[in-house]
Amino acid sequence: MLNIGLLGCGRIGQVHARSIGQIDGARVSAVADAFAEPAQMLADKTGAQALSAEDLIGSADVDAVVIGTPTDTHYDLIHKAANAGKAIFCEKPVDMSANRIRDCIKVVEATGVPFMTAFNRRFDPSFANIQSRIANGEIGNVEIVTILSRDPSPPPISYIESSGGLFRDMMIHDLDMARFLLGEEPISVYAVGSSLVDPEIGKAGDVDTAAVTLTTASGKICQISNSRRASYGYDQRIEVHGEKGMLRAENMLENAVEIATPAGFQKSPARHFFLERYESAYRAEMGHFVDAVSRASSPSPGIVDGLRAQELADAADTSLKQGSVVKLA
Amino acid sequence: MLNIGLLGCGRIGQVHARSIGQIDGARVSAVADAFAEPAQMLADKTGAQALSAEDLIGSADVDAVVIGTPTDTHYDLIHKAANAGKAIFCEKPVDMSANRIRDCIKVVEATGVPFMTAFNRRFDPSFANIQSRIANGEIGNVEIVTILSRDPSPPPISYIESSGGLFRDMMIHDLDMARFLLGEEPISVYAVGSSLVDPEIGKAGDVDTAAVTLTTASGKICQISNSRRASYGYDQRIEVHGEKGMLRAENMLENAVEIATPAGFQKSPARHFFLERYESAYRAEMGHFVDAVSRASSPSPGIVDGLRAQELADAADTSLKQGSVVKLA
Amino acid sequence: MLNIGLLGCGRIGQVHARSIGQIDGARVSAVADAFAEPAQMLADKTGAQALSAEDLIGSADVDAVVIGTPTDTHYDLIHKAANAGKAIFCEKPVDMSANRIRDCIKVVEATGVPFMTAFNRRFDPSFANIQSRIANGEIGNVEIVTILSRDPSPPPISYIESSGGLFRDMMIHDLDMARFLLGEEPISVYAVGSSLVDPEIGKAGDVDTAAVTLTTASGKICQISNSRRASYGYDQRIEVHGEKGMLRAENMLENAVEIATPAGFQKSPARHFFLERYESAYRAEMGHFVDAVSRASSPSPGIVDGLRAQELADAADTSLKQGSVVKLA
Amino acid sequence: MLNIGLLGCGRIGQVHARSIGQIDGARVSAVADAFAEPAQMLADKTGAQALSAEDLIGSADVDAVVIGTPTDTHYDLIHKAANAGKAIFCEKPVDMSANRIRDCIKVVEATGVPFMTAFNRRFDPSFANIQSRIANGEIGNVEIVTILSRDPSPPPISYIESSGGLFRDMMIHDLDMARFLLGEEPISVYAVGSSLVDPEIGKAGDVDTAAVTLTTASGKICQISNSRRASYGYDQRIEVHGEKGMLRAENMLENAVEIATPAGFQKSPARHFFLERYESAYRAEMGHFVDAVSRASSPSPGIVDGLRAQELADAADTSLKQGSVVKLA
């Protein structure tokens, strides 16, 4: 039985608690939050102890920690947990600064604790299926990856202002997905973007509509586009074109009903809410973490994957600001 | 070059003229119609001679006739054309009376002329593909055939009154399709029906909504349903369930566009007009006829297929009127 | 908080326990099973007491019982639970005998306890959506209901022998769905069937491939077909054709991936396992029961729905054996 | 009746002859080809005169010319036909050199003859439907256009060598489509490309896999990707994301059949052959030309559209070679 301590009892912490509840061989043994109430509520629900973050990390009853606190606290918690020898599951981004992530890598490597960066989309049943079929050679060499990713509606301007910008806040998932599917590191990044959804987003110095082109050393190409709005739900599609064929994943709709009328054949909108859209991905990523830690193998994606995605987001941001291509080492 | 004489220059005659125009190795050499104008128009367009029916059948410039005249004239024209040694392509139904079709079979068999009953749907690229894949064993033994067939809107009551009723006028296509796909003759027929679309159809003694169940000696089952209305276009679907899998054909839509809005994902309606829906089927059936006659082989479906479908329609009509199952020899 | 006692801790009992665990306002307070081990395991997992069935029904800590024991025990448990004033959630079929169900109706009506028959498919998000859109008038009057239902593979012969036959064991779900969607009682039933999947099923006196036609007083038609095999997964589709349009629900596939190769565009198979296919339906039906009991309203479907479906299954069985149409009062 | 003279009787000339044969109000009155045989064959089939190009352009029996000869002859024929006052339908590209197209624009404008550049894809029923729905405001302002375009297999190296390169030979269609759908001129072009399909293409100085990003002054973004191979047919998809929704067109498949087996649900491959894929587009573009000329209105796309697409292809080629973004005036 793996005893897990939850650092952060907000929305994402609760998601992870539910996932752990469905996994044999793991339980929530302790919870911590800056606020007493959510911590106590989650403790009641799961039968865990509500502790301070420090006590949780120090507890003998905790084998692994799930870090779901605000991003600026990750750095400190990672250092403490690693030094306490706990396995670490950390929400993305590991940190807003690539340099600080490099620091975290040092402590993780020095202590040798298992570390997983929570790029949950890699565990979506469809996206994971695509990656494993690429690995099985079903479409031969990958040539073109196309990622279309659109949120139902933009977050509040206050969120935008502290988000690090679209590339670090939203496209980072797609940049990680690109690496996951290309199987090769990008060597060039070109980004374009504009604020078409809400001029306030532009005034806040960010974009709400953007596209990135990545290339790899062997000549593979990846095109990503993002929008902060999609009237028809949470639009999340990927497609991989290879020498022998093509793999793609369509959106997940609200239900499987189609109505036929004089206007045509209409299916339901795409699921709107990310927690619902990625429900099985959240469950599967935690299952992978528990399994890897229990078998003393390394969970994946690891902390270096967290760094690489951040570097790509930084490069995209630079490309947009400079209006030119950014070459990566 | 196969010289074809068109008997009947109405809508269906014009369809066949266009098909012949696209087939290498055939041409329209003569046309005939009870009315002078449509005959002359078609003659001008195709470069054919406008003749009387009798002269056309007697013409040395005519190798084969296409009978597209009113149903009650088929019997006489089939006899004349067969006795003149012409290959015959005849619109369905061959005749409203099964006994009169049996008479036609006699003359066709006695003279040995090639004869094709124009069940065009057998030549629809999708339906033909299904049948050939069944024949190739792709789904093993056929177990359940499901046919859904709905017209966009009912014909005028005047047409209904002289149509022979839904089973002989509309479902006859599906009954032929059932035989085509079952690969075995039905031994029982059970029909239900009602007039839900237009009470005037009920007053005219017919139904506009109907369903039939067929069984075969080996235990295969076929369910057919018909409606004289479908708000979303001409609904024509078939599905065959077998021991190893299932084959089905979806509707043909007006175009391949999908719009996504807050209401969902909407494709275009199904094609409404039967001539457009079955355009390639009309072309392919005429191609098959020309090919078979040119190679001196027997076209299919033949005249016996015309009889069998009529017998099934008769049985369905009897079943509905009696409210009980009709057993076939 | 609604305290629920589980009678039966087998596969279906465990499903209901998981559902209850995800519902606010309900908990499993007691469990009972003829065997000690499964009862204790479920007690440990949920924090409930393991009791005898009698003690559970008599417990003051139990507000409602979930009956998931073998069918032949339902009668007795329903009587005891009703007399103890407990709300009852009962797996289908209520009983194999319509007369015994009528007895159960008497005790349920006499005691006034809430009673729900667990026709879980009514709570499938797609099927429920179709029914509610019919009720909203989106397709006008219902004209033709088509239900296609196929299991991935047949159960063992030993199960077949005690199953009551395909109509009572398998098609009963579709017969209930027909009533749910037609919104009107069937007045005639015609069934055909054969044993195409496994001759042993035929030797056991049952069929594995069957089709039923239902009609209602107003002329609505329903066609159902069943097979005990489907190579491509658990095939569960319904379609409702109405005066203004058509509503249909497609299968739920394993994932949303499509691969394109020279052979074409291939999606994943349909989900195979009924517990996975209907996972959300199980959750929703329990949610409805808890909600209805908590608000002192009547859950639906009720015990009379359990009787009606059984009567239709009996009629279908009679029709098949007699080879003729069965009229219902 | 519009009398049309065909310049060039090769494959594309024959396509246009068939289209004209299906259009009321037009006929092929004369044909010309550098080789006598194809000219005579087409003359026999259509009843047209076989003439020299000069005589055809000078013929009083010719109202309009269709230029389907090799690209390097367009310049001269356009000049002669314009000076002879003939309406002109010209295959793409108008010329390989943007400067020479500018010369052609001068003569076309000076003589005032109607001129249509044959970007046939604008007339595909699905793509045309998308453009008209954008124009109708169905998705509000256009934000992101995504174009995926892949040939079934690469042309011979000899063709590649004289093709002008992928951007001018293949992507030019997509660049025109981008202009058609964006409704606004691109102001920046960034291209990447590699030779993944066949190293010989790389040795010939071309790429076989490429992607382009376009931006417009108002901030709209277009992403295009091309491959010279697609194992599953001729892959031609477009998608337009707007403020109120999304419009997309899926591939046209060989037929509407789906087979379900243990491997999943498989539809047919996409149509492979461009003449079959765009059959209705070819018919519709000629219909538009005949209609515009007959009504003395300007056909569209015109010669300036031919220039703009060429300029974008030139810019993409420059961007690829320079490895940087190209700004357009």
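Just so it is clear, A, B, C and D label the chains in written order, and each chain counts residues from 1 on its own.
Everything that follows uses one rule, which is that contacts are C-beta pairs under 8 Å (C-beta built on N, C-alpha and C of every residue); 3 or more make two chains touch, one makes a residue touch a chain.
All figures in this text were calculated on a predicted structure; none of them were measured in a lab.
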Common touching chains of subunit D and subunit C: A, B
From subunit A, the most remote chain by mean C-alpha position: B
Subunit A and subunit D: spacing of chain centres that average the CA atoms, whole Å: 42
Computed distance of Cα centres, subunit B from subunit A, in Å: 57
Junction residues of subunit A - those touching two or more other chains: 230-232, 235, 244-246, 260-262, 268
Subunit D-facing residues of subunit C, complex: 230-233, 235, 253, 260-270
Complex contact set, residues of subunit B against subunit D: 21, 125-126, 129-130, 133, 138-139, 244-252, 254-262, 268
In the complex, subunit A residues that touch subunit D: 141, 143-144, 146, 148, 150, 188, 190, 192-197, 209-211, 213, 215, 218-221, 223, 225, 227, 229-232, 235, 239, 241, 243-246, 323-325
